[in-house]
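To start, the structure itself, in structure tokens.
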Amino acid sequence: MTATARPPATARSLGTAATAATIAALGFAVGLAGDACHVASGTTQYEWDGVPTIWRSAIWFPLMLTSAIVLAAWLAHRLDLPTTRVRTRADVVAGAAAVLALYALTAALRGEPTTVSVTLTAALAVLIWQWWDPGPGALIVGLGAAVAGPLVEIGVVAAGAASYADDSDGLAGVAPWLPCLYFAAGAVASGLWRAVSEPPASRGR
Amino acid sequence: MTATARPPATARSLGTAATAATIAALGFAVGLAGDACHVASGTTQYEWDGVPTIWRSAIWFPLMLTSAIVLAAWLAHRLDLPTTRVRTRADVVAGAAAVLALYALTAALRGEPTTVSVTLTAALAVLIWQWWDPGPGALIVGLGAAVAGPLVEIGVVAAGAASYADDSDGLAGVAPWLPCLYFAAGAVASGLWRAVSEPPASRGR
Amino acid sequence: MTATARPPATARSLGTAATAATIAALGFAVGLAGDACHVASGTTQYEWDGVPTIWRSAIWFPLMLTSAIVLAAWLAHRLDLPTTRVRTRADVVAGAAAVLALYALTAALRGEPTTVSVTLTAALAVLIWQWWDPGPGALIVGLGAAVAGPLVEIGVVAAGAASYADDSDGLAGVAPWLPCLYFAAGAVASGLWRAVSEPPASRGR
């Protein structure tokens, strides 16, 4: 490569809009598939008629999750939270797959005692955080998500828009393992903006 | 080490026959244990009497899986498919364990809604691919396996040699998550030939 | 850093007592949460009345596990067993989370056929070993734990202090997957002493 050579198209940085759109597409796909699992297992149920649905979700829910994940990724980037492990575009698929696997697992755990489902979900969420970026930045975003996400869902349930099954509503109407799932999603969301926007070349090596 | 020193026995390359035999032994062990899980959970059932069985399998099934895994590993090697992450002998046990864990998990997921079992199996299969070798070579072998494997099993079911349980036969007689399981096995099979045949020393460092 | 600069407090080595205490605290937490899962799922049951309990455990059980994990970690260190992958303080949380996840999973697998639960637990235990430290040192400690742990629990059951459920007592009164769980815990225990006692700086780069 000569000094004047331009990097190949795939090695260019993405702008703000393209980065946000990519993260939104990813978040929408994971949220849609994960929520379909919760509806299929009967863990959650939508209560309002006449709302457009997509797959098994009322349209507003995956949109809400998508907004949250884009916001979390953008905030972590803007606040310049420290990263311990730099993630690149090549890692984004694995990060999304890990969160989706945990999401689907919580559906499969329906009917398990709360102690079992919370301990297993929590241990796996910690493992996802430690694997994705075992530092304080991801921890902070994860903890923020673990508080904010369930609070919003508690509001959704209180408003009567959706409900958790009788055996899965022990945390003020939402599932007791819900903070663990949001923690994992938040931990992966941190570092996602940079991973998506920067070219793989900046990974070094 | 002097220029004339020979590498220790463990650091030698394996020939074609020894490599194929090693992969076959590994594939046979994983196939046998995984299939035993499916029979134990009632996910699958053998329909022909008088066929010799080994553990819980009709002898032809683990042999078929073994041939497929050796063929996939050899083809990926001969076609010189690109690898993103070079795997060595030291990694082979982990690769086999990951595929076997997913195999056994599909047995444990019997009775789950299709949405849940397919989403969870798919997410974990993508994770295995991304971990083992997150590149296009492993993707191609995985996708090939995800098409060919279930097609062969659909033929086996149509021939009446085996059957899937009523709650697990939604994909033309086989389980809807079956392509995901074959995808993970195929992804790991790619790169297996080189990992087994080359001495660990070629790993560098 | 000048030649006379002292390392920051977090970069100091821990002494024997502090290392043992840290490992004990970790082992106690994992043992307590894991055992709570087994009691919650009905996998195990305590039979003696009048023994102080903590969470869902009779006090002596997590203490026994704690002693075992400290002893295993110390022995592996004193015997200077070879390590393939050097683990540091930063890895300890992930190691504990992995063992706890497997512990909780065995509770969730209650009711599964023995073939399924043992195959899945064994494959994941091998994966944990291969990830934590894929060498002979961790293998030896894991195998030692896989023999000693279940033997002690068989003694506990024979003494009438605790029992496994009727569908989970196929190994002389204890669960058939119990050696796999102890294997994973033992594999992680190896290398734990050094990981906890040495400053992260010694990890190099």
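Per-chain numbering from 1; labels A, B and C assigned in written order.
We take it that a contact is a pair of C-beta atoms (placed from the backbone, for glycine too) under 8 Å apart; a residue touches a chain by one contact, two chains touch by 3 or more.
What you see is a predicted model; the values in this text were computed from it and never measured.
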Taking shared numbers over all numbers used, above half giving same and below half different, the chain A and chain B interface sides are different
Per the C-alpha fit, the turn needed to bring chain B onto chain C (nearest 5 degrees) is 120
So, in whole Å, the Cα centroid of chain A is separated from that of chain B by 30
Among all residues of chain A, those touching at least two other chains are none
Interface with chain C, chain B side, in the complex: residues 33-34, 36-37, 39-41, 56, 90-91, 93-94, 97-98, 100-101, 103-105, 107-108
Given the complex, residues on chain A that touch chain C span 84, 109, 112-117, 119-120, 123-124, 126-127, 130-131, 134
